[in-house]
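Presented sequentially are two complexes of chain A, the first with chain B as partner and the second with chain C.
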Partner chain A sequence: MDSLNDFLWAYQDLIYGLGTNAILALSMYAVLQLNQLSLGQAAFMGVGAYVGALLSLHTGLPFALVLAAAAAVPAALALLIGGPSLRLSGVHLAIATIGLGEVLRVAYVNTPALGGAMGLSGIPERAGFAAIYGLLAAVLAGLVLAARSKIGRACEAIREDEDAARAMGIDVTAYKIAWLAVSAALAGLAGALNAHYSSFIGPGEYGFDTAVSILSFAILGGIATPFGPVAGAVVLTALPEVLRPLHDFRLVVNGLIIVGVVLFLPRGLLGFRMRRTGGLSGPARGATRRV
Partner chain B sequence: MSPPLAAPLLAADGLTRSFQGLVAVDGLSFQVAPHTIHALIGPNGAGKTTLFNLVSGLLPPSGGSLHFQGRDITGLGAHRRAALGMGRTFQNLRMFGGMTVLENVLTGRHARLPATWLATLLRLPAARAEERAAIARAEALLARVGLAGQAGRPAGELSYGEQRRLEIARALAGEPALLLLDEPAAGMNPTETAELAALLRQLAAERRTILLVEHDMGFVMGLCDRVTVLNFGRRIAEGTPAEVRADPAVVDAYLGARVARRLMAAAEGAA
Partner chain C sequence: MFLQQLFNALVLGSVYALFALGFTLTFGVLRVINLLYGFYFAAGAFAALAAVQRLGLGLAAAGLAGAAVAGLLGVACDGLLLTRLRRTRAPELSSLIVTLGGVLLMNSLMQSLFGAGVRRFPVTPLTDRVLSLGPVSATPVQLVIVAAVPAAVAALFALLGRTRLGAAIRAVAERPETAAMMGVNVGALLALVSFVSAFLAGGAGVLIGVNFNAVQPYMGEAMMLRGFAVIVIGGLGDIRGALAAGLGLGFLEVMTAGYLSSELKDAVPFACLILALWLRPAGLFGLAAARRA
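On to the complex of A and B.
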């Protein structure tokens, strides 16, 4: 146990970062699985981080309730901003969310109660291995159960052909709204977890580059199943550490690996389809295409 | 022309749809009697596919109203109409190509799977029973359209004719009272067309109503109880196939256009 503890202590930030980045990647998957692109994931993460940090700093709420609030507030914000754009198709959600991070950054910097440019520090370290990986496991299990059910079937139908899905009786708009809320809630949850182990958050951490990182987790891993984004987050988070012996060439190799995956594995690292009960019954058993 | 006796299953009244000034469907009124096979025909660009999208709810109308089973559905979205009992196919095949054949049919049953999302996620007994029943029904429908052995294949790998039949099975999976078929015989060989006609006759005998758009005149004339002829988004004739065939307006618009095309082609060939 001692050696494990030493390992956890030495690599604590990396291990915790793997977990929260995996949750962020799943938040991206939640919208990408419907062909919706949100560029506001980092912003939702930031809202969750600030809500969680403020509640922990100024109230005596139990950590579970702090996390619940940190998930609920960004979900409500997402519905306010993204909801109207979801009635339209195409890139409207991306456009509606692209400026969100920047607007919020300016708001954080200019609000003394939010710590201004200095950010918030002294956040109690309430998030540990159990909380982070327990929540990741719960989120992953929920998304896998959804993907394997008629919900996942409807999502895949929407991804393939929205109009045909509508004609099959699928309420496409309701699906988009519900998954956007789930997506923002997961990003907020990850943000709050992150704030509660790094003990400091600043206004500059939730900008466009963070949004692109989160997007690249999901794209690299593939969005055919929830496992892909988790794999993508693990690889992209661990890679800079693994490549540390390369010193200055680290970022070059890191970049080359990402470009290579995108070029040669367009469906991502884990591009196989979700096994679904309905797809495997009777004569269908074992015949599902595995890519 | 004798008016339909029963209360219409579907009634369009003054239905209009324009696209930036181009009026694709222009004040169209027609009724589909229950348990009949009703065809919409007309030259290319007559507004048939636009009308189908208006009826199935994929396009909102610019004006007019639609009633289905006596209920005003003008403002209802496509998914609500599917739940009320409309199923449709598409002119240019719109399969979910990456999904299996069986999953495609199960997706068509979405509106008939009432289990809540929570029951579905937790796999409560009711949700599992619902899914099992849906699979049994989907397999029966696949057998009916001759795709029993293909259930586990990706839909995108099926041949063209098979995909046409899969689309019909997928539409039937929603147990529609009104089946909307957009050029169901397009690209089929004569044997496949005859099989399709037999299937549609069976469905009508089972008290389903079918509204179809078709180019194959032989197919329409031999199969349908009633024909509505469109040209430039307007109804120019309606009646039994025999009545429509004898209508001078139809001969002028429909066959006239065809004769004109043939003459153009001949002129180009000579040049």
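On to the complex of A and C.
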């Protein structure tokens, strides 16, 4: 009986982890679709986790408001950190966010109110299957609708050629700012959900390695549609469970996947293009179409 | 006391500048933000340590050997990871992501092979003797560090500004296709630039490893953030900017640790980086924008 219970517990963590990792992968998709690379997704996730945990521990706010705050704070932080780099080229956002996780880790460890090196424990388990997968479905649906609409077309135009997109009258900077905020909010949401089912968070969980893992979800699945990152997250979250003997080399495998996919599979596993409302899609048909 | 702090700042800033020189050179010529840079840094230190322990080389010879090994690794990694992307004209971001995967791969491989523990160089008079120069005390290694940076900068400027080879490198940086049509062997030049910049990274790794007498697989990761801060503050691709920013950052960090708090020290590079992006995105001397346009 004990082993069965253990198995169910482990299984539950895996199922919840799949859901939150899928949201994290979508948060990466939100910026990558504009050719912007954020290496601060783990840090934003951590901010969401700490904000959510503190609110649940010290206030009686309803869970929905806690989640909203856990999404809003990282979004504001992202605009503060990443705002200036958005006017520059795509690599600048990566540069601006690469150190954020480490700086925040030092801040968590040195702040007694945030639990110091011990982290925060005893967080009420308010996130269940319905909350995690309901939010994942809502986020996925929202992103798919956005991708199929005018917004998605604009994003693709920006990704392919920023100057041309600007010349077409697309407000490139506004798109980048909005999507960076969405991206950080999603990461914060995932962090808060994670904190509310694992009941413990620590300062060391939101570092560079986590940021790169989140990136590898999106890279493996490809960013042609929102389904790609979700598929990548599912594969890479389930993989370590399957390949348990490898666990010391997990990061090696992650690195290999990133290198291999970028070099040999640049569109990712699910590289098909999004079908748009209005029927026509693809460059060849788009070219002949009169607008 | 203040003079001693000032000297420490000079040592630290020199290492940052040395590390960032090759980093910014890579970007200026190869147009790649190569995150493997931190790996070259650690690899140089490990190779030098192996040369001392296994081959019994002296510290100076081992240091040069370590930097050279890092240089060769640089050429190999560039060839394996980036040549293909360059050929297919993949977007800038792809090469950044591929080196990100590469650094994760190499760092975790190094950790599984060598363990996460700190290794030390054997004690020699070069590292252990303390010289008193008036109010300041320094080890010979620190003096080597302070001397190495002006030497490296002078050599780089002489190479880039005064030789045919340098003219070819600048031509490739400006417009690789045109340079190739003028008879420049672009592939060989890119390999050479990879070697030189990884050599500088490896050399910085050796000097830091000897100075603090601590070598470990992840030593490059902490350095990367500082390297980023230095090259962005200095302006991407701007060698003089990197020099000034490296010295300045070393100064701020040492003064923060000395007079405010040592916990705050680690936040200094990040704060400077964000401020630079807000206030001077084109770099200290404003050269990055001119290049980009």
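We take it that the second predicted complex is superposed on the first by the 247 of 291 C-alpha atoms of A that agree within 3 Å, B and C clash if a C-alpha of one lies under 4 Å from a C-alpha of the other, contacts with A are read in each partner's own complex, and residues count from 1 in each chain.
Everything below uses one rule, namely that contacts are C-beta pairs under 8 Å (C-beta built on N, C-alpha and C of every residue); 3 or more make two chains touch, one makes a residue touch a chain.
Here the structure is a predicted model, which means the values were calculated and not measured.
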First, second, both or neither for A:V259, with chain B first and chain C second: second
Partner chain(s) touched by A:D209 [first = chain B, second = chain C, both, neither]: second
Which of chain B and chain C A:V91 touches, first, second, both or neither: second
Touching partner for A:D13 - first (chain B), second (chain C), both, neither: neither
Which of chain B and chain C A:D163 touches, first, second, both or neither: first
Touching partner for A:G99 - first (chain B), second (chain C), both, neither: second
Contacts of A:N35 with chain B and chain C, given as first, second, both or neither: second
Contacting residues of chain B [partner chain A, same complex]: 56-58, 77-79, 82-83, 87-88, 90, 94-103, 106-108, 110-113, 115, 117, 120-123, 127, 131, 134-135, 138-139, 148-149, 151-154, 170, 174
Contact footprint of chain A on chain C as seen in their complex: 33, 81, 84-85, 90-94, 96-98, 100-109, 112, 221-222, 224-225, 228-229, 232, 263, 266-267, 269-270, 273-274, 277-278, 281, 292
Chain C-facing residues of chain A, complex: 35, 37, 39, 81, 83-85, 87-92, 94-96, 98-100, 102-103, 106-107, 110, 208-209, 212, 215-216, 219, 248-249, 251-252, 254-259, 262-263, 266
Interface residues, chain A side, partner chain B - complex: 142, 145-146, 149-151, 153-154, 156-157, 160-161, 163-173, 273, 276-289
